[in-house]
Each structure stands twice: as C-alpha cells, then as structure tokens.
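Letters A, B, C, D and E name the chains as they come in the text, with residue numbers starting at 1 for each one.
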Amino acid sequence: SSSDTTHENKIRIAYFPNIGHAIPIVGIEKGFFEESIGNQTKIETRVFDSGPQAIESLFANSIDLAYVGPGPAINGFLNSDNHNVKILAGAASGGASFIVHPNSEINSVSDFAGKKIATPQIGNTQDVSLRHYLSENGLKPAEKGGSVTVYNISNPDIYTLFVKGDIDGAWVPEPWATILETELGGKRLFHEEELWPNKEFASVLLIANVDYVEKNPIIIANFLRSHYETVTWINTNPVETRIVFNNFLNSYLGQSLSDDVIDIALSNLVITADPKPNSIFSFAERADALGYLGRNGYDLSEIFLHFDMNSILEEST
Amino acid sequence: MIITGKNFTPHRIAFYAGIIVIWQIISMVGVWPDNIFPSPYEVAEDLAYSAADGSLFYGIATSMWRLSIGLAIAISGGVVLGIFMARVEVINQTVGSLVLGLQSIPSIAWVPLAILWFGLTDVGIIFVTAIGAIFAVTINTYTGVKNIDPHYIEAARNMGAKGTQLITAVLIPAAFPYMISGFKQGWAFAWRGVIGAELLFSFLGLGFLLNAGRSLNDVSQVISIMIVIMVIGLVIDTVVFKKLENKVMSRWGLQ
Amino acid sequence: MTKLEAKNIVKHFSHESHKLTALGGINLKVEAGDFVCLVGPSGCGKSTFLRIIAGLEKPDEGQIIFDGHPVTETSPERIMVFQEGALFPWLKVQDNVEFGLKMAGIPKEERAKISNRYLDMMQLTKFANSYTYQLSTGMKQRVAIARALVMDPDVLLMDEPFASLDAQTRDLLLVEMQLIWEKTKKTILFVTHNVAEATVLGTKIAVFSNRPSIIKKEFENNSPRPRITEDESLLKLQQDILAELRPEVKKSRE
Amino acid sequence: MIITGKNFTPHRIAFYAGIIVIWQIISMVGVWPDNIFPSPYEVAEDLAYSAADGSLFYGIATSMWRLSIGLAIAISGGVVLGIFMARVEVINQTVGSLVLGLQSIPSIAWVPLAILWFGLTDVGIIFVTAIGAIFAVTINTYTGVKNIDPHYIEAARNMGAKGTQLITAVLIPAAFPYMISGFKQGWAFAWRGVIGAELLFSFLGLGFLLNAGRSLNDVSQVISIMIVIMVIGLVIDTVVFKKLENKVMSRWGLQ
Amino acid sequence: MTKLEAKNIVKHFSHESHKLTALGGINLKVEAGDFVCLVGPSGCGKSTFLRIIAGLEKPDEGQIIFDGHPVTETSPERIMVFQEGALFPWLKVQDNVEFGLKMAGIPKEERAKISNRYLDMMQLTKFANSYTYQLSTGMKQRVAIARALVMDPDVLLMDEPFASLDAQTRDLLLVEMQLIWEKTKKTILFVTHNVAEATVLGTKIAVFSNRPSIIKKEFENNSPRPRITEDESLLKLQQDILAELRPEVKKSRE
C-alpha cells in the first residue's frame, strides 16, 4: 500500500479517544513514549473510533500498533495473513456497565424479555457480553426469534435514543456508561466485571503487526517499557490523568467532559498491562458460540506475541 | 421478472466472466494477502452460506421494501419539486436551493436526526433513503423541464393547456427522457441510501449484513454482500429502466 | 365589426453584436371574417407579429385589441400554426391533432370524429398512429395545420403553413382553406411568401416593409371565389404586390 | 468570489430567515430537549467559536482540496465514460453496467476497501469521493448524448466531423445542458462523499469536525458543521453552476 | 462521365400500424456537372433519397455508385442542405457556417474569409454573431445554405433550400446558384416543390411518383442561361412537368 516508507525511524500507533485508552493518551500527551523511544524514532498517532477500522489499518500496513478491545483483537488475529496481528500486552480491564433507562422497569435479568437494548457494535466486547448474557439466562435476541431486541448502534446514537426514551437499556463502555448515568439519570444495573470470574476481564489490549515487531525489536521494547511505566503513573496520579485526558479531548475534539464523569469513569475500570488471557479465551468461546468467528473453527494458541522485552533492553544497552 | 436474452448479451457475459477470472488470478498470484483480497471462490462460498440459511433473502426482502417506499417518496416529491423549481423562480430560489444544500450532507450525518425524529424505526431508514434519492430526481426533472423546446410550451398554452393540464400533458412527457435518467439515479441513490442507513441503524436488511461483515473484519462477507447489492442494482436497471428508456427513445426517434 | 386591431406595435430584440428593431410600429385593422394575408421580406418580423397577436410575446410598445380588449395572454381563441410546426414528439399524429380538444375536455369519441375529418383532409389518415419523426417535412406541416383547424378558433394565425408542400397538395389545400373560411366566416391572418397564394386566399393583402418594419401598403382583393392559382384575374394584383415588395428586399441587401 | 445581489434575492433571504425563526420557536417551545435539539443561537455560537480558533477554515480548506481532485477525476472520467456508453453499445453493456452497479454501493461500504487498498491517506478519501460522484456525471452525460437531435450528428458527420472532432465539436456541446446537470450533481455527491469519507477515516477536514461533534454528542457542533457544508454547497452552486447554466441556456434560447 | 448513379434504390419504413415502402426502386444517372432538380408529391421520399445519396441512410435494396464506388458512408464530398436546417444551436451563425471548414482543419483567417463571402451572399453579415434561435426561419435556411456552399463539395444535395424564403430573396438566390454552378461546374441535386424553380435551375428535372416512388419521368432542360422565374420559354416545360405530377398527388388522395 501507498503510505509506508521505511519503518526504521517511525512507529505508528492507533487508539481511541476513550478513557479506557488512557495509556496511549497519557503516554503521548506526557511525552513518556517519546522519551523512552528516543528521538531517532518518530511517533505517529491516529485516533480512530472503531475497532474494525483499526484492524483494517493494520492489515493495510497503515499502522504498526493499535489499542483495541478483545473482539477486534481476536478477529484481527484470526483474519490476518499468517497471524500477523498479535496481542502484545493488556491496557485496561473492566469498564463496561449495563445502564437502564430511568423510565424502564428493568430491575434484573428477569425483566429483559420484550425490552429494547443497545450495544455499540456487532461483535464488539459489549455486544458479545450482552448476547452471551442473554443466552445464559435463557433469552434470545429478536432476529433469532427471541423477545429481546438488540440494537447495534454507535455510542452517540445510543445517547440520543436514551434521551428520547426509545430504548430500555444499553450495555456500554466508559465513559458512556457514566454519561448516561449522570447526565440522563440512567441506572447502573451492574458492572460487567461482576459477571466475570475474579471480577476482571480484558477490555483494551495492545496489538501489533508482528513483522514490525520482528524488524524493530528495540523500538518495541522501549515502547513496551514506557507502556508499563505509564500504567504505574496513571494509577498513582488519577487526578492528573483526568486533566491530561480532558486536555487531549479538548485539543482533539474541541470539547471536553466534566471532571465528575471522567473521575467516575476512571474509577470504574482498571488500567493494567495484564492482558487477562483467560478472559480472552472465554470471550472467544462466547463469540464463537454466536457465530462471530467464522465457520471453520478457531485456534488462539498463538494469539499472544512472546516478546522478551527485558533481554532485548539489556542487549541494547 | 423476465430477463430476456437481449439484456444479457455475450459481451456482457464475457465481460463479467473476464472480471471474475482476473480476480481469481490476482488472488492466486497473491499480490494481496487473502484477508484483504479474498478469492471469488471464498466469496461465492460465503454467499452460498448466507443464501442457505435464508438470512440473505430476508435481508434482501427487508431492504427492498424500505427502498420501494423511500424511492416512491423521492420520485413523487422530486418530480413535483423539480417541475416547480423549473417553472417558478421563487421556489427555485428558496426550497430548491435548500434541497440542493441538503443534498451535500452525507446520509451518515442524517442518522442522528433521523433517530431523533423517527426513532429506530423503518420510518427513520426510509427518511434517510428518500433524502438520499430525492435530489437526483429533482435536479433531473428540473433540467429536463428547463430544456423543453419553448415552442412546445407555447403551442400547448396557445391551445388552452393550463396549470395541471400543462404539467401532465406537456411538461412531464416532454421532460420524460431526462426524468428517466433522474429515476435511474434516484434508484441507485435510494438503494445506496437504504443500505447506508441500515448499516448505521444496524437494523435488519442487507446493510446490516454488510455491517456485520465489516465489524467482524470478514472481508469476504463484505464483498459478497456488495456483489448482491450490485447485482440487484443491475437487474433492476436492466429490466426496468433500460426498457423504459428504450421505449421512450424509440418514440422520439432517437434510436 | 373590428375583430382585431394592432396599434403601433413595436418590438426590439437584442443580439450579441447589436440591437435590432423588428417591428417599427405596425398598425392593422382586421374586421371579423377578414382573410388577411401578410407578405414581406425574410426576417422582417411577420412571425413576431403573429406571435404578439397570439399573446405569446409582449410588444415593447403598442397593443393588440381583440374583441375590444387588449391582449394580455395567449388563448385558444387565437390559434397559431407555427412556422416550424412545434408538433409534440411524444404523441402520435392523431393525438397531436386532438391535443387542443383534449385540453378543452371534449370526450374521446367526439375528438376522434373531429380529428378524423381533418386527418382525411390533410391526407394523413394512414399515419394517424405514427410518431412525428416518422413523417416527412410536408406531412408534419399538414399535421400542424390539422391541429389548428380542429380547434375551430375565432381567429386563425397561420405562419407560412404551406411552405413545405408541393404545388399540387398546396392547390388542394388552397381550395379547402377557402371552403372552410366561407363556411365558418373565420377571421384569418395568413403569412406567406408566395404572392400568388396570398392573392388566391386573401380578402386583404398587407405588405410588410423591411426592418424596422411597418405595413407599407394594404391591398383589397375582391375577385370572385373560388379562386385558383392560375386565375388570370389575379395577375395584375400580384404584379402590384411584387412591385411593392421588390424594393424592400433590395433595401435589405444594402 | 463575488456574490451578486441577484443570487441573494429578497425571497431567498426571507425564506432562510423564516426557517431560522421557526427553528428558534421550536427550540424555545421545547419539543425536544436542548441537548439534542439546540437553538440557532447556540449553533451560531459554536460556529463563531470554531471560526475564531481557525479549525473551521482549516477543515474547509482540507475538504475542499480533496474534493477538487476527486471531482476532477469524477468529471473527466464520467464525461468520457458517458460519451462512450452512449455511442458504443458494447461499452454500455459492460463497463457502463458495472459503473451503475458500483454506484449502488454506499460510500460507507467503500471505506474498508479504500483503507485496505490505499491506506489511511488522502488517496483513499479521494477514491471514495470520486466514486461517489462519477456516476451522476456519467449517467447525465450518457442521457445528454443519447438525446442529442440525430440531425446534428448527421450534419456534422456529413461535413466531415469524425472521432475526437465529433466528440468535442458536437457531442459535448450538444449534450452540455445536461452535462451541467451532471456536474452539479457530481459536485453535490462529491461534497457528500468527501465529508462522509473524512468522517469515517476520521482524518482532518469538515467530516472530521462533524464526527468530533458526534463523538461527544455535541449536537450543536454537528448542526453547525452541517450548516457550513450546506452553505458552501449553496454558494458553489450559485456562483459556479447557476452562472454556467444561465449562460448555456440563454445561448440555446431557453430563457 | 457519370458522377453518381442510383441503382434500384428501395427503402422501407415501419410505422406503428403499418409498413410503408417509401422508395420503390429509384434509378437515376447523374453526369458530372448536372444540375438535377427533383420534384414529387409531399411524402414521396425525396428527402429519403437525398439522405441515402449522402450516405446518412442505408437503402434496403440497391446501391448508390459515386465516382465508380458504392457509397458506404457519409462524406464531405457529398454535402447536404437539410430540409429542416439542422443548424447547431450552440454556435453563432458564423461558426455554424465555418463548421465544416474547421473540421477540415482550415486556419481561422481563411475560414473567416470564405464564410464572410457567403454570409454576405445570404445577407446575413449583420447576424454573424447571433445564435440560431435569434433568427427568423428564412434566415436559418440561408445559414444552412451558406454552411453547405462554403464546403465547395463535389456534389451538393439540397433539400428544398428555398422553401421558407420570400419570392424576392429566392429570385436573388436563384441567380447566385446559377452563377456558382456555372463557375464551379458542381454536380447538384436539388429537391423543390416549386416547378418554376426547378425549370430555372435544372439541366434535368426528375419527377417522383407517389409512394412506393420511382422516377416517373426525366425532363431535359437546355434553355439558355441565366434564366429567371418569369422566362416565358420555361412555361411549356413547367406545364409538362405539372401534367406528370398532378395524377400522382391525386393518387395519394385515394
């Protein structure tokens, strides 16, 4: 494709303008990544708002690293040529909730029948969780002849539907869960992690183009190091994280969120570099049961890229 | 729907067969990896699969009925508006200019408003469809009417044609060769609008299937649905618009 | 009774490189039942004058008084046969002929009866179902004449209706026109470049001058009818008219 | 860019003023909550804001240059294709039918392919833009050429016009009144295509600003950008296409 | 030397309700330098015949031999003046006239020199910059004639070129046509419905029968030139031609 020149002195990173992507946002805005990689390598960033687009860009060799949810990470791995897209690290865990519309009578899963529920995108993390949750509770979505109508519609549109009262509930990531709760009076029925073993599941992962990693081990090692360091910084500086995040929103979208929303949203998720492998495998099982992983079976045994950061860093110094 | 031999000429068949062969060769040579450039075989397999489980036909039927209503609105609205724009300068200056402006807005930007006004209903999708198609009909009707030989209108008025009579007996038939072109485009844009709206509303139909393919990064499903969309477009063009066009053209002695 | 009066009709047109006064003040009185033939050099403004009478064009000065009222818009009371036909290509010949009747809300069978009569007169019965592009130029012209005659208007405005007809067909139609006029006592304005034709048809022949044109001279013509082109009695009048015309065409050469 | 008084007639001004007043009334009456239906005042404020910080003008400039290239491609390709489709039946049957089929595919469905083929570059956006616009140009050129009075072509061929000469000296000028209509639609669809592509690529331009507003549910920013898009559409239509159209129409004696 | 030969030309057309044989086997030999006038009833197929010679229409049977070769396509060697003008509305009058010269790659100044001569001949100099909708019908017809004459073709095919001209303008052009023909010894086929005009111009007058038409009779015409419409010496020939024509028009009435 047309955009790639030499990769030697360049690393191209994609992420979303969401609070779950605090690592790359803080890492870029505070200059942590730049500092760690050194000034020989130029960092280019792209801000996306959907997983599939990030995967397409990886496939097209337009980016080298991306922060995405487990759904796209798995699809990216399975659909890539020679499994050229793999998970390098975790970035966040948790951070999705089920929000009930103030006028809706949903108090527990037993009230879901006949209701209209939204999730942001087919096959994304919340969508798989919702559909799995429904089937675990003996419910089926309308298109399979069941009683629950599932809408896959983007977060801003979910907001509009919430305002109008056209939906009864939505399974959404942060900060949308908090926005629906604080701005529109929605009721948080449960945090998604409550449904998972150990109350944790990977919600944002760092994935990479394997070719790039193999060609640029030192850049990647340095990058990963600052990825880990940023995790620590965020967890020790939540207030400053909020400020950085809002500054980013302001400069990128020309708008920011209220401090409350960010604080609550941030407290509802865990910034961690642990990819929580078990949650990814069970997520894949659920997605497969929904027919999302193709007709030919799937094999995730290679999905994690084994990358020995420490020995490379030692060698290079 | 009778597809006559004339519509599917040897040339056409050879052309499409050629495309498929080239496509297969490219995918075999491996210029692009399989995940971004699937082979025709894989696409056909996907198609067969979604045909077998019925989801394809259900999707087609859903999209088609939304399209019919949206297109009907676009055609009737577009013809009326186009005629008035061509004949009444005030309307051209006001409503006409607004339609034109509205047309520059991508359907995707309409979706939030459609949701706001109509909710997640068929009506919302039909609105986005109609708004996507009306302009092509309007502007072609407008151009057709503006370009009518003024002598036809003079003769008709001299013989007593007025108001609605003038419109139905002269303006519409005289502008018809261009209006067909508007209908044809209106059809294509409505088809496109309905798919686009379904994709964003993610609410049944072919657009939904397309979105599902994209969300799962399943390029061969995306391409298979795109092909279905195209084929339906071509068939309708051939059995409806080409026939209409040929008939009108031969009447006017243009063939 | 004055059916139609042109009062000092002036009409300007603007061209890319100049302005042009087509009509320089036309005055003409037409009595009910007059058959007025208009002759004049090519481009002097005959068609423009008919269009103004029909209400299809507004004069820059002056006005047309029709039945005592100024003409403000077109109306089927004054039906025009256009010089260039203006047949509707989307209609069959018969539907073209019936167009005005249909607009007037006359029922189908009655329309067919009327149009068949005129299609026959114009020798077009066989072509009733043809489209206009399938006709020869002369046939189109005959359709245009039929389309006007079926309307049976108060005033007929005919702009060189016989220009593309062969002499024989024209002779037949000259007879028909006289019959129609005598039977219905219509008021007719008839533009022609054929002086013989003018003298056969007209009760009055008005000669246009060169641009900016005025009506240079009017001739009365009371020869007995039916007249035919070969009538010796019309020769003198023809010579007189030609004598008026010749200098006008010369002038336009200068 | 000189906007003459003629283009902004009292009628037009009154019409748009009326719309704003009605809008203000609806927002004051409070049919819909403010956060999804802002008042014109809020929208104007937002507009002023993004104008003040320059992002608006940068967005406009970016979108406009992508549009120019995409539209140039669509117009030149569409004219050539339209002429050949009208004159060479084999091309009509093959490539022509393909264009028509491609046209039924919403731009949104092109985006994944554009990303795969061209990467995250301007080229991808231009591709989506051109593909969105080419069909309207093609089909109007086709219709225009098909409807040329056959006598013009006969006379020209009789006087020795052949090949390219016939095309440039007869087919194009004779079909021009309809081609303008194609350009006008091509422009609207390209404009729409560029915004849509920017929105999906999320890559600078007005479409990006639209998406930014949408991402944060800032409806007043969304509407303010939609208005900017419309106004640019209207201004271009008025200063370019209306002028061209009037000129051609008056030459042909149609006005 | 035979310039042009029509060998048993047959042409059918189909209409909505019937088939029609326009030309029923036309045979005609035209020598180089002949001025052949074609006369016949309206709708008999004169225009169709010229179009076939021009190569704009294919005969269903027979062929046209031009300079020893069968005609397969149109060419500027045989330039046609269309009965309905076919002027280009997107070009100014002068550009219309120069169209063929431009196609032939003749430089601008030379084109202008040639076109100015013919615009003057047609009394259109003042209208060189006008568009065709700004012209009267007769003026358009003169532009069409000029557009053909500038081409200076081997064979000129003229389809009722003077139909919309007044008698005086026509007389002037009859003189011009004879001058051009005498000076350049062009081969001309000239359709007209005016028998006097045919006898003034033609070295040969061919009379078409009614549909399915054949050439019923050919008349030689060796009267001395220049001839004018009023020439007494042509009267006898005119009577003979009319006598041939009359039954044809009658037949078409039946």
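Just so it is clear, a contact is a pair of C-beta atoms (placed from the backbone, for glycine too) under 8 Å apart; a residue touches a chain by one contact, two chains touch by 3 or more.
None of these values were measured; they are calculated from a predicted model.
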Could you tell me the least number of steps, going only between chains that touch, from subunit B to subunit C? 1
Going by the stated contact rule, which chains contact subunit B and subunit E alike? C, D
Subunit B and subunit D: spacing of chain centres that average the CA atoms, whole Å: 17
Please compute the C-alpha centroid of subunit A, do the same for subunit D, then give the distance between them in whole Å. 36
Could you state the distance in Å from the CA-based centre of subunit D to that of subunit E? 48
When the centre of a chain is set as the mean of its C-alpha atoms, what distance in Å lies between subunit A and subunit E? 82
Would you mind listing the residues of subunit A that make contact with two or more other chains? 52, 56, 59-60, 156, 160, 164
Check each residue of subunit E and list the ones that touch at least two other chains. 84, 131, 134
Residues in subunit D with touches to at least two other chains are numbered 36, 112, 116, 200, 214, 252-253
According to the definition of touch, which chains form touching pairs? A-B, A-D, B-C, B-D, C-E, D-E
Can you list the residues on subunit D that touch subunit B in the complex? 9, 11-12, 15-16, 19, 32, 36-37, 90, 93-95, 97-98, 100-109, 112-113, 116, 135-136, 139-140, 142-143, 146-147, 150, 177-178, 180-181, 184-185, 188-189, 191-193, 195-196, 199-200, 207, 210, 214, 219, 222, 226, 229-234, 237-238, 245, 249, 252-254
Contact footprint of subunit E on subunit C as seen in their complex: 13, 15-18, 39-43, 45, 47, 83-84, 92, 123, 126-131, 134-139, 142, 160, 163-170, 172, 193-195, 242, 245-246, 248-250, 252-253
Subunit D residues within the subunit E interface of the complex: 149, 151-152, 154-162, 165, 169-170, 173-174, 176, 248, 251-253
Mind listing the subunit A positions that touch subunit D in their complex? 1-4, 17, 46-49, 52-53, 56-57, 59-63, 155-156, 159-160, 163-164, 179, 183, 249, 252-255, 257
Within the complex, which stretch of subunit A touches subunit B? 51-52, 55-56, 59-60, 72, 75-76, 79-82, 116, 121-124, 143, 151-154, 156-157, 160-161, 164, 166-167, 292-295
